[in-house]
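What follows is a set of notes on a single structure, which appears directly below.
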Amino acid sequence: MSIVQEFNDYRVKMNQKILEEDNKVLKRLFNLDTNAFAEGALDVKTKEVVGLSTSMVLRCDDCIKYHLGKCYEVGITTAQVFEVFSIANLIGGTIVIPHLRRAVEYWEQLQEGK
Amino acid sequence: MSIVQEFNDYRVKMNQKILEEDNKVLKRLFNLDTNAFAEGALDVKTKEVVGLSTSMVLRCDDCIKYHLGKCYEVGITTAQVFEVFSIANLIGGTIVIPHLRRAVEYWEQLQEGK
Amino acid sequence: MSIVQEFNDYRVKMNQKILEEDNKVLKRLFNLDTNAFAEGALDVKTKEVVGLSTSMVLRCDDCIKYHLGKCYEVGITTAQVFEVFSIANLIGGTIVIPHLRRAVEYWEQLQEGK
Amino acid sequence: MSIVQEFNDYRVKMNQKILEEDNKVLKRLFNLDTNAFAEGALDVKTKEVVGLSTSMVLRCDDCIKYHLGKCYEVGITTAQVFEVFSIANLIGGTIVIPHLRRAVEYWEQLQEGK
Amino acid sequence: MSIVQEFNDYRVKMNQKILEEDNKVLKRLFNLDTNAFAEGALDVKTKEVVGLSTSMVLRCDDCIKYHLGKCYEVGITTAQVFEVFSIANLIGGTIVIPHLRRAVEYWEQLQEGK
Amino acid sequence: MSIVQEFNDYRVKMNQKILEEDNKVLKRLFNLDTNAFAEGALDVKTKEVVGLSTSMVLRCDDCIKYHLGKCYEVGITTAQVFEVFSIANLIGGTIVIPHLRRAVEYWEQLQEGK
């Protein structure tokens, strides 16, 4: 199984368990996520770029994977993704590089349709 | 082997190696941990809730596992654990969600007696 | 003007400006905060202890001030507050100490009714 | 003196002192910054949005001020800035709110031409 | 009053208040600090360099000030301090730069004997 | 395959892919790394100690592995490495301990020539 599939399967399975627990604050927090990334004064592409860059400087591999998937869906190019990577690594420093390596591997698999 | 067993085995094995090295500062730091979570002006349950919530906002999976184990031992309920999760995810933001997923999986295994 | 008054005034003034902007995501996020700290499976005191400890390990002075104010309101004692401080400084490390200094100063002013 | 002027004056004065020290790594790091935010596969506006959002989730007030200044220069609107704020506060959590307050104050002064 | 004096005065005053509270964990944590930076397998200069660099990447202004003071006492040169700064800014990223500015100002005042 | 070999292989493979993408900012950032750790006002050993300690407080396992490898190459002793560990765990807090466990395991394998 590809790392894309593995990530998505675990994410869907666990999100479902979390929502089943019926904690109102967590449910609303999950809903807010959908709202925040919807088309608005900023278009969807820009918002996904924001999602990707903030995930990267915060060094959250799973968040990076999620937003890379979204970036791929909305048609952000490899050159654009690498410009996001470069700003994130400059602002966040070289401690971001290990996350960059895993992000590049994930992006590659997304493009290969895995 | 369950993820609970795997975590505990590795933790015990490596803590032993660390303490064998006979570094005075590390030894005392490990001792302080026991002191800090002992019954005091705050009871043990509240202290474990503090241990769990701080581990979660700091996004330390192993620390979360350790304190989930302790929370389970001292009788904190699933509803209470989820309220801790909800505050931690609100204060720490949605970058905490991937750690929440793994925490929920671990909590489930603890309850199944694995 | 005391540091308590100064903090509260600025907080109220700027929160109002933020909410006036009518950004739905921010408004809901502010609302969630009220929900998350309401009495539930965990009582209000425990939740404020969680708010204080997570604010401290995340080294957010203003968040610490806010939750110290709340802790004071709900009747958490000085000995209890210092146990929260001790766990937060142990888990978060000595980089938390500068925030501890400011927290102690703020707690003192709260008690003097400033 | 406005907080905009105060920030810019100190920044210029201290950057000059840093560069005078003739440390090659620091000089190149400062240069890279100019390169990273130049027009490329992503346009300048998108890059400033990335600069602002990453600064906010990393809770760096001075970085936020700098990128708010740049956002203002390149014509990003208040509604757009608030959408960046909302994503940053959702991803980074409510510990970002104190930085949001100061950001809103700074943005206001920028618009008043201070 | 210089920023050096102001920092030291507040630090001494508040540390005293913290220790008066007689919280055992906090007291021991403060003691550990003295132990950790004592001459050992690593000499005192190297340890202060470690204290300075870790404080900088963790973006703790007061910790940076404290270790700059110590670095100055043990005879670390300006060129050496700037090499620490350069590594810290590279590893920690450009979000460290605002702390670098304040560090350079503090170092200058230390050298002027303020 | 040892964890040392596994880390190095993945690192080399992905760094090559990153550099092939021909993003100027990322390339220069990678180059800066070589510059920053070269002999200067501080010797190479001290710089690697800085690299290790900052990686540890920032809780970056891969960065810790990389600098442990370098520390081993330049002849830093086990007692010295443990003093770095002790300062990093004191400054960064007990959330650093899980990274310490993995660091000790990696250091052991380095010494066994794996």
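Order of writing sets the chain letters: A, B, C, D, E and F. Residues in each chain are counted from 1.
Here, contacts are C-beta pairs under 8 Å (C-beta built on N, C-alpha and C of every residue); 3 or more make two chains touch, one makes a residue touch a chain.
Predicted model only: the values in this text are computed from it and were never measured.
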**OP:** Could you name all chains that are in contact with chain A and with chain E at the same time?
**Re:** B, C, D, F
Subject >> Set of chains whose contacts include both chain F and chain D >> reply: A, B, C, E
**OP:** Please flag the chain sitting at the greatest distance from chain F, going by CA centroids.
**Re:** C
Subject >> Superposition rotation for chain B onto chain D, Cα-based, multiple of 5° >> reply: 180
Original post:
What is the chain whose Cα centre is as far as it gets from that of chain B?
Top reply: D
**OP:** Would you mind working out whether chain B and chain E touch using mostly the same residue numbers, over half shared, or mostly different ones?
**Re:** same
Subject >> Whole-Å gap separating chain C and chain E, where each centre is the average of the chain's CA atoms >> reply: 27
Original post:
Distance from the CA centroid of chain C to that of chain F, rounded to the nearest Å?
Top reply: 36
Original post:
Residues of chain E touching 2+ other chains?
Top reply: 24-25, 29, 32-33, 36, 55, 57-58, 63, 82-83, 86-87, 89-92, 94-95
Original post:
So what shape is it, when you link every pair of chains that touch: line, ring, star, complete or other?
Top reply: complete
**OP:** Report the residues of chain F in contact with chain E in the complex, numbered from low to high.
**Re:** 32-33, 36-37, 40-42, 46-47, 49-51, 53-55, 57-58, 63, 77, 79-80, 82-84, 86-88, 90-92
Subject >> Complex contact set, residues of chain D against chain E >> reply: 10-11, 14-15, 17-18, 21, 23, 25-26, 29, 33, 55, 58, 60-63
Subject >> Interface residues, chain B side, partner chain A - complex >> reply: 59, 78, 82-83, 85-87, 89-90, 94-95, 97-98, 100-102, 104-105, 108
Subject >> List of chain A residues in touch with chain E within their complex >> reply: 57, 89-96
Subject >> Contact footprint of chain E on chain B as seen in their complex >> reply: 24-25, 28-29, 32, 35-36
